[in-house]
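Next come the structures, one after another.
In the two complexes that follow, chain A is the common piece, with chain B as its partner first and chain C second.
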Partner chain A sequence: MSERLTSRLGWLLGGVVLLAMPFYLERFWLQAGVFAMAAAIGAIGLNLLTGSAGQLSLAHAFFLAVGAYGYCVFAGDSGSATGLTGWGLPPVLAAVLAVALAGAVGGLFSPIAGRVRGPYLGIATLALIFIGQHVLLNAHDLTGGFNGRAVPPLSVFGFAFDDSATVVAGVPFRSMEKLWYLGLALLAAGALFARGVLRGRPGRAINAIRDHQTAAGVIGIPVARTRGAIFVLSSMYAGLAGVLLALAFQHAVPGYFGIVLSLEYLAMIVIGGLGTVSGAVIGAAFVTLIPQVLTKYSESLPLVSAPGTGGVAPGEASRYLYGAAVVAAVLFLPGGLARLPVPRWARKGARDKAPAPTSRNMEVST
Partner chain B sequence: MTAFLEYLVHGLSLGAVYALIALGFVIIFKSTEVVNFAHASLLLAGGYIAVRAQESVGFWAALLAGVAGAATLGALLEWAVIRRYRGADHSVLAIVTIGIDIVLLTELARRIGPDILTYDDPWGDALVTVGSVTVPQTRVAAFVTAALLIGLFLAAFRWTSWGVAMRAAAENRETAALMGIRLGRVSSSAWAVAGALAAVAALFLSVFPTSGLDRATGEVALAAFPAAIIGGLDSTTGALVGGLTVGVTEALTTGYAAELDFLGNGFGHIAPYVVMVLVLLARPAGLFGTRELSRV
Partner chain C sequence: MNGPQPLTVTGLTVRFAGLTALDGVGFTVAPGTVHALIGPNGAGKSTCFNVLSGVYRATSGSVRLGGRELTRETPHAIASLGVARTFQNLALSAHSTVADTLLLGRHRLTRSGILASGLRLPRAAREAGRHTERMREIAAFLGLEPYLDAPAGLLPYGVQKLVELGRALCMEPDVLLLDEPIAGMNPTERQHTAALIASVRDSLGLSVLLVEHDMGVVMRLADTVTVLDFGRKIAEGTPGEVQNDPEVVRAYLGEHQETETPR
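Then we have the complex of A and B:
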């Protein structure tokens, strides 16, 4: 009981701290925080697919792009002054449509996502990254081509998430302060939804498929359909993350949504812990905040120097760090890896103590 | 017609180079069940070592150094990372190789910087003309070298004791180990061979008509992934067929870019991926891959 109480107190305290942040932090850190929250939403989606269902995907950046540009096109100015297509829809509707669009595109790929398994799917999804980059660079009237296009600010019932200052308790709230709360709300909703999926029947079904697809089929789980569905859900999370990222950037550039971004998302969920919602959030914070911290304090840190001076730039230093962290996490921290790759020795230990979690799950869903 | 033949020759040569890369990728997969996402950076490492070494030792010795360097790096990665993993599920090692790739690629990109490094190769920009078809000498050299290496490899795979050990390990690891085959040696030699083949491929991906080796060469080499998938990840024949398919597709779509303009600028580079998606829709295990049968 007391353990539960402490954990609740912890959550409460964390929540209060997060809610109070915009009153104290400067814009740089607020923006970093909004990026981290957007990344966390995307990482939760990828963790559903890779961590829980065991399906590797390198296409996450592509679905982020679909969300980001979907929002730009749906909400963009319908005037032809810029030469860009815009439907001029209300921004909230545009955001919802953008998420739905990401899901629909994921659905188009589900004939492959449903039938191709594990790391094999990883290579197949490379196709989406490259085809996606091609489309983003060539569809000028949708994406603005190489230079990208401006992202119309979100507004909910006349409350605009733009740079006009709204003074709250003596602190002027501009775009980042407002987006911080939006990000928090979306992240909380996304995390709760994912937790619900994982704890309910769909979660047991995808875990069963990951652990033994034939056994899963035997007990009546439609393997291909479930895999396709989780791919769609993961794409929708990526779409939502894309919308939030675009709002934080205020300008979406195709070059950002390349393969490096996909690898970053994989790094997030591996470092944080595969198959858990909290793992995705922790990993997202780690991978997105490290470059920011290194950039901000590059002068006072050893081994890291400012970009262009010949030494190790902050961006590179952070890539060394999380690349090595990925390797270390898989090899030496199987506990942080939640459950996808239960090593043989751990599995044996678990069997001695209690029925392995996977078999228990399957019994429940029979 | 002349143009078509030129594109075709170019495509076959490019395809043979892709087949070299895909072959290494398939060997690693067969012997260690690892989908090696670090393959492109292994290739870039081999190319980088060769280009840097040629200033002091000349082209041929430098090429050897690059091949040896990439082979050592491959074996080292296998020994330092892959062998440390004691779990049962090898698909998770794909993620480890992604981590390796991030580190290697960052380091190489930092060293290369914005430069384009050129090989002092003996072919230069000389051309060969047969009938009405004119192709660069480098393309001919690429095709001949790749065909020789692939033939050599397949012969070794079939007739030497190393090849037998390799095939036995791919068939059933535990039985092979019980028969006295040292799995550690099998997998580190697979990684070494794959690295060596990739270093040779790096040479031919960056000589004329390409401008040179730069940080994006690894991304070009990624086109060998679809090659391996099209053929089927566990089939050496598949790697060859897949490589040639990808090479010819890329050369033809690049050659006829003017006619294919409605598909957008630079469609040639993504054509291999489009072919891969189409093949996967029809045959999820690739053309020659072992189909997994599980009837429920």
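Then we have the complex of A and C:
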């Protein structure tokens, strides 16, 4: 059998398994899966910016928040008794607008993002996190303040992604089952788009800017404009991830969108592999699923205890774990999990053709 | 582009704080010729290249390509006017394949943006196909075809230098600035590359401005030679004239000829 055919079969099999999940998994795991897919979309965006263009950003959580709250405001009930602002737009339109809003806010910041290089941009973007947190906590009309606001369920042409059960093959499909398919579709679209960008002309340009900024300019690449554009694209990915996360949470709270979330996204792309789409997806799955696994099995695991009972809570334990994973990835697996040695039969499909930097040469080049 | 135009440098002065790197330098690269810029280390050759390609700002003076003033332009604007350069110390992405590196040179000639590439629009695919074909021709011209799928960073130094040259040629420039194109190569590679530079001039009709320390190659390739020393032009002329110029001999060998040896 040719390698191409086996890799196709691998993708097909993986796709079927993912599509069949909602028929077998309980709600807890479905929700964990939707979180992972949303995170994967966000991580793809951050990896375009940090992995491929060499621009560090700590503001990813801020753009996730813009997407999440943008959706809430655009789709929320207008003039409701809650005292919150809502435009009452159709949810699909609201989701599109929220992504566009994240892109527009990224565009406002892009004059800075285009001119400030590598780690320095990381420091500049830190400001966005603090501004974001301040606004989220104080703009009560928009965000609901500290306690957040409810997220209106998505509905596409009358098909609602809410908890009303739609029975498919004897299995009641509620919100998580439906969101699972939505997340899968959005992730596939986002991954394919990013892959096209990376393998095409813009991908070559941002890699050149990352590796040799001066040479990139001399070759004819408008460095500042290209960096600004990739920052906007990355913000839009974050915005889309934010919308999906909000839908999965069903309630958006400001505390979630802090600096820790930004750092988690950076951990995802370092663990998974800088500069590749598959790296972002693998890293996102790793970082989002570990806390869930630890929570679910906290009783049967040594050293980890249920939250509030003393000892190491699952959330803490998972942070230790992926902290260690980041260190391990940098030391032993510079290309991230995506570059793990794969068996020959799986190799072709599992690897991105796009050239990837390793976490080692990122440190040197930034 | 309507054929190469003369590149005229007049009164070019570059100062870094107290240091004058270039002091009123002027020369003209005639269309379709190889013009060599030589001089001892620190003479200002690389500074001159950096001004010509827009990386450094000139303190005063002008650089004109045909009718266009280049000293106020950004590097990518200068590139889009048809000026390409290579770097003395390689500026290649180690993980990018040779094919991708060469295609990078097509950046200014192509249009596909984020949307067209991300959505894989037919026009992006057509454009990529067209330019990949031309890129392969250029790779064949340089003898780089066997390496197209290899990551640039894994190749021998001499081949990497050729990839740099190829990337510059992929820009379809009118003026090619080569910063020590054969430094670090073995004798076979040197000969091959020198022949390539001559054929770039002869068959493609480009103007080449060449910085090189290998005097044998300079004297064989160059139509005109400009000699810099401590940021000043001390001589200009055909290779034969320059070789016998007492100023040049002094710059290279020192005041007392018998006490020092040439580099």
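In the analysis below, the second predicted complex is superposed on the first by the 334 of 366 C-alpha atoms of A that agree within 3 Å, B and C clash if a C-alpha of one lies under 4 Å from a C-alpha of the other, contacts with A are read in each partner's own complex, and residues count from 1 in each chain.
Heads up, the rule we're going with is that contacts are C-beta pairs under 8 Å (C-beta built on N, C-alpha and C of every residue); 3 or more make two chains touch, one makes a residue touch a chain.
Please read all numbers here as calculations on a predicted model, not as lab measurements.
Novice: For A:14, is the partner it touches chain B (first), chain C (second), both, or none of the two (neither)?
Specialist: neither
Novice: One more residue to check, A:255. First (chain B), second (chain C), both or neither?
Specialist: A:255 sits against neither chain B nor chain C.
Novice: Check the residue A:88 against both partner chains and state whether it touches chain B (first), chain C (second), both, or neither.
Specialist: So A:88 meets neither chain B nor chain C here.
Novice: Return first, second, both or neither, reflecting whether A:126 touches chain B, chain C, both chains, or no partner chain.
Specialist: first
Novice: Considering only the touch criterion stated at the top, classify A:229 as touching first (chain B), second (chain C), both, or neither.
Specialist: In the superposition, A:229 touches chain C alone.
Novice: In the overlay, answer first, second, both or neither for which of chain B and chain C A:205 touches.
Specialist: The second partner, chain C, only.
Novice: Using the superposition described at the top, determine whether chain B or chain C touches more residues of chain A.
Specialist: B
Novice: Touching A:214 in the superposition: chain B (first), chain C (second), both, neither?
Specialist: both
Novice: Would you check which partner chain A:194 touches, where first means chain B only, second means chain C only, and both and neither mean what they say?
Specialist: second
Novice: Take the contacts of chain A with chain B and those with chain C, and give the residues found in both.
Specialist: 214, 217-218
Novice: Going by the contact rule set out above, which residues of chain A touch chain C in the complex?
Specialist: Residues 193-194, 196-197, 199-205, 207-208, 210-212, 214-215, 217-223, 229-230, 233, 355-357, 361 of chain A touch chain C in their complex.
Novice: Where on chain C does chain A make contact in their complex?
Specialist: Contacts found on chain C: 53-55, 74-76, 78-80, 84-85, 87, 91-97, 100, 103-108, 110, 112-114, 116-120, 124, 128, 151, 167, 171.
Novice: Help me check something: in the complex, which residues belonging to chain A touch chain B?
Specialist: 54, 56, 111-112, 115-120, 122-124, 126-127, 130-131, 133-135, 137-139, 213-214, 217-218, 259, 263, 266-267, 270, 312-313, 316, 319-320, 322-327, 330-331, 334, 337, 340-345, 347
Novice: Which bits of chain B are touching chain A when the two form their complex?
Specialist: It is residues 35, 37, 81, 84-89, 91-96, 98-103, 106-107, 110, 219, 222, 225-226, 228-229, 233, 264-267, 269-270, 273-274, 276-277, 280-281, 284, 292, 294, 296 of chain B that touch chain A.
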